[in-house]
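Below is the structure I would like to discuss, written out as structure tokens.
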């Protein structure tokens, strides 16, 4: 099954499980979403539980917050993550803070699904990875799957979660990634990372579409005699510090790979955690291989996105003192 | 002169200098702003150059972008930084990207001034420090003064800058901070940090209202025999890496202090830079003393904000291996 | 059409028979009591703020008819997504006075656990959703909750409020649009009190009225004298009934006046003409309603003093209790970020609780 | 009032004398030429996309009258804040064809230096502001630019566009409100082509028309047959003249139809009734205008072939030149983030330029 198919599968599974779950957004109904993630959902569950909205992300998230507060389980689709900003206030001021500011009287269990990341020739406004904004916002959870099975299992956990979850779907691997996906009920808990491959010389941390790039880079590094351990945190908030620290303590080296602009990113956070909690184990600098600190380009996308050679270069850095 | 007075002084100075400069926002006219930063400006420059707007941050920044693109110099006031999010799309998708996405054909020289930070019993929504969102957005500059003289000099530089600048005013010290401010023309360049005090054992980096807290903590640390160097970067973007790295290489220790939630913050970025570029000089972990990863509280604000004892604790951490 | 202003109670307290909603005497007295209580509470709280006992306050002075009248047709099971200038709704719906007063103090009895500034109540007990500072955000939320109720087949009605300033917000546009497209059972009340802090409503929009904005969304828009509680009630009753019957949302503009400054941090004299203020004082909604009751023979001085004295007593007692309560415990800082705290939050909590030495005392004053 | 639809050219090409704006023959021919060129360009570009020569394309098929007619009354010094479905404006204003075509290819001749997807033009040469993907953002910007011109005393007029979907955006609400409050010289064109990708305009709003939304802002709102170029011209000429004379903004709704799919990534047959499409084909704006010209005796087959042949030739030449140009140089990635690159950008650039080994080739296809 593709990663995209796993998303659809998760949605259907939970909609069958729990009739409070509703799905809405721009073009999610008859069209089934611009990527097809909601294909067949309106047909199966009707227009009450899967419906198109006016073109207002502010309205989509604002109404979702109200629904969640009232007691149903909204899953809002934002067509591209780049278009989430008209709803930013509702996300960071409202969804994220509802439980806290009301002392737990009102809560906001909802999922915001959105395709994210580059690699599809989407240029400036159909490619960005802005997880950092949300990771810096207490009250939100932030989840990024990198395999089909995880996509299903993490999405089901997100829908069942009692707090608002940003579910970021790496669109570059929507269809290119294929893998086994358990039928029916399949739950992957939030906050538990995954060791993608074991290694002894350097820990590489990556999520979403970058995981497979890092696997190729690790192959490359292996040719040069370096054994790379790859970790996919799966959720950035809550973040599985232990799996990262344990690995870094073992390998003594750390390289973080991500698509977002390098500075002030979640990659920076991981580097900071390592510098705070495992510095005495480090045998080289903590490398960050990110997007550049520029807006996302169109024609030069292939240079902007971390690729094998840039990841290999990053790994090399961790071996220089 | 107070820091607040220095802001007013800078606005008037540049409005006299350059008749393209206009000032607007909610309540900035007759009322002179809720903090008084624009007091007397409408009286001196008239309603065409200093005017109140409808209650729409989206409209304030959207129109400011259009003004800047057309060729005048808008200075938009957002009443509290907590209320900037309805304008987030215009800031991160438009102002920040106008120059890049148009290949330099259209530019967006504008200043967004906004009171920021805690310490005034403003609670949940009148206290936040969200500089990280903007520091992670290529195309924006982000400036935070910590003294009256800097407030004037940096604001004048920001107004003259050819790119959009977020000018964050630490409201806690608006009136409590007083200092000499040069008359008339006074320019402090963006991108040059300031050594607040020299020291040899640990580098503390802080901006805005945290600088004075760190000075008190440094006094405390001195009593315990530790010599602290304090650095105020003054602008977070562009960031003066050199002044930080040079200091850390000298002291071997680094503690970053800031009000924003700890994780995925600009403090994380500084820690990451140090872990990337000065790790071989470090004699202890890089400590971060931030706000907690919770929304901003009201009654327990004094615990939420880094205070002397927490900064001292952070400094101590850098001495533990 | 939308500019016509419905008034029922005339200056002298007379009410046109054909328009009078004919509430029972008991109901009329209950409503009047709530209006007076609201004003007393506002006064007392502002005094507390001036004395430094609480950090901030914001009154509804002059807008009692507007918000109490609109809330009146709502059933107990109905929901409110309020702005910050509708305190009377809490009293009308029988909220626990301690819940209200504890919120001002942000003490350990505060339902919001001291997370928000005064007047940002959250009262699940009366379906009164946690108040937010960012203007307008409640509007699209109310629309969404109403959509949810419709999907579930509940017959709940939702009422939400904003000011004249709030009509310019993103969420006003999104909330009204969504509510209309999905024909959600939601009533939007714009309390047009003529000012958004120092900005007059004529600078807020060039629309001939706030009610006229309903046409942009294809919903009914009604303009009503916001200082006439019977008129407000009548209009809102229609809207609530229509919503409950599946007739979709309504926009109601209550034309009223902010008789005080914006908040305890504001001084309206700096930007507002005293004459304007004076002229609105003549239209005081409580005075007007009192005359109506008097004409009906169900108001007298005794009734007035009974209301005042008993409520003042209750309020004083509640304040005394609230003052005696401590701040929330330090550890609570880390609760309610999520249902379960993350590893990072637990670590941060333990660090904080482990600290020694004096806490900061540098917190300043709130300016707005 | 706002629901009345102005039409001038009837089906058979006749035009009511009292409404005909009486453009000169030369002007009429110029306009017709632009419409035909626009359609040819749209066809050719979509073909290029299908052939894999360019990555994406989005047509204005069927909306030529709507956008060319509205732009026609604008002077050379006036400014546009376009959406993405007004390519004819560039041709009308004499933009360099190479500037247009280079943008599709994102090559080193692209004015935007290959930073944006195809159809996101930036053409300073004709005061055509850089197109953004996020829906609606241009609306408040246009209002702001118009405010700026008013402050400066320039007599520039601003025209900005959005679709029926765009009326739901935050910036629609903010942009129209600000323009009205400050009486800025700005004309807002809503091209109501009935669809926002797969969402019909009846699901976008319950408003009786898009023009009716003007009442929320207190500005004139006009509804016009968007497939009738004379009607669109007439209405917009009035709006532009009024704006220039200090009469403030206008909202114009052009009622038209998206005759193609949303973009090269979309297939409208999946959600749209073929009959609807058929019925609108009968109202093709170019065909209608052609009949009008024919009746006037200023159109014949020769004229048609001359337009088609010469433009196809020019276009082919431009495409040939564009294909021959390389991508922008790697170093340009780091330009234009700021006027001057930061230390971090310089470091990142130098690192990239110093890399060895093969570049990534994993980039996929654009789905929308």
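Labels A, B, C and D are assigned to the chains in the order they are written; within every chain, residues are numbered from 1.
Here, a residue touches a chain if its C-beta (ideal position, glycine included) is under 8 Å from a C-beta of that chain, and two chains touch if they have at least 3 such contacts.
Everything numeric here is computed off the predicted structure, so don't read it as measured data.
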item: Touch-network distance, subunit A to subunit B, counted in steps; value: 1
item: Per Cα centroids, the chain farthest from subunit C; value: D
item: Length of the line joining the C-alpha centres of subunit B and subunit D, rounded to whole Å; value: 39
item: Inter-chain centre distance, subunit B versus subunit C - centres from mean C-alpha coordinates, in Å; value: 35
item: For subunit D, residues contacting two or more additional chains; value: 110, 115-116, 120, 132, 134, 168, 170, 173-174, 177, 181, 203-205, 337, 342, 344
item: Of all residues in subunit B, the ones touching two or more other chains; value: 53-54, 56, 58-59, 82, 85-86, 89, 93, 100-101, 124-125, 138-139, 237, 239, 263, 292-295
item: Topology of the chain contact graph, where touching chains are joined (line, ring, star, complete, other); value: complete
item: Touch list for subunit C against partner subunit D, complex; value: 168, 170, 172-174, 177, 180-181, 183, 203-208, 212-213, 215-219
item: Contact set on subunit D toward subunit B in their complex; value: 79, 81, 110-113, 115-116, 120, 122-124, 129-130, 132, 134, 137, 139-149, 151-152, 170-171, 173-175, 177-178, 181, 335-339, 342-344
item: In the complex with subunit D, residue positions of subunit B that touch it; value: 20, 22, 48-49, 53-54, 56, 58-59, 61-67, 69-72, 74, 86, 89-90, 93-94, 98-107, 138-139, 141, 162-163, 191, 237-239, 241-242
item: List of subunit B residues in touch with subunit A within their complex; value: 82, 85-86, 88-89, 92-93, 96-97, 100-101, 124-125, 130, 132-133, 135-139, 237, 239, 260-261, 263-269, 271-272, 274-277, 279-280, 282, 284-288, 292-295, 321
item: Residues of subunit C defined as touching subunit B within the complex; value: 55-56, 106-107, 110, 113-117, 120, 132-135, 165-166, 168-170, 196-199, 203-205, 265-266, 270-271, 327-328, 330, 332-334, 337, 342, 344-345, 348-349, 351-352, 355-368
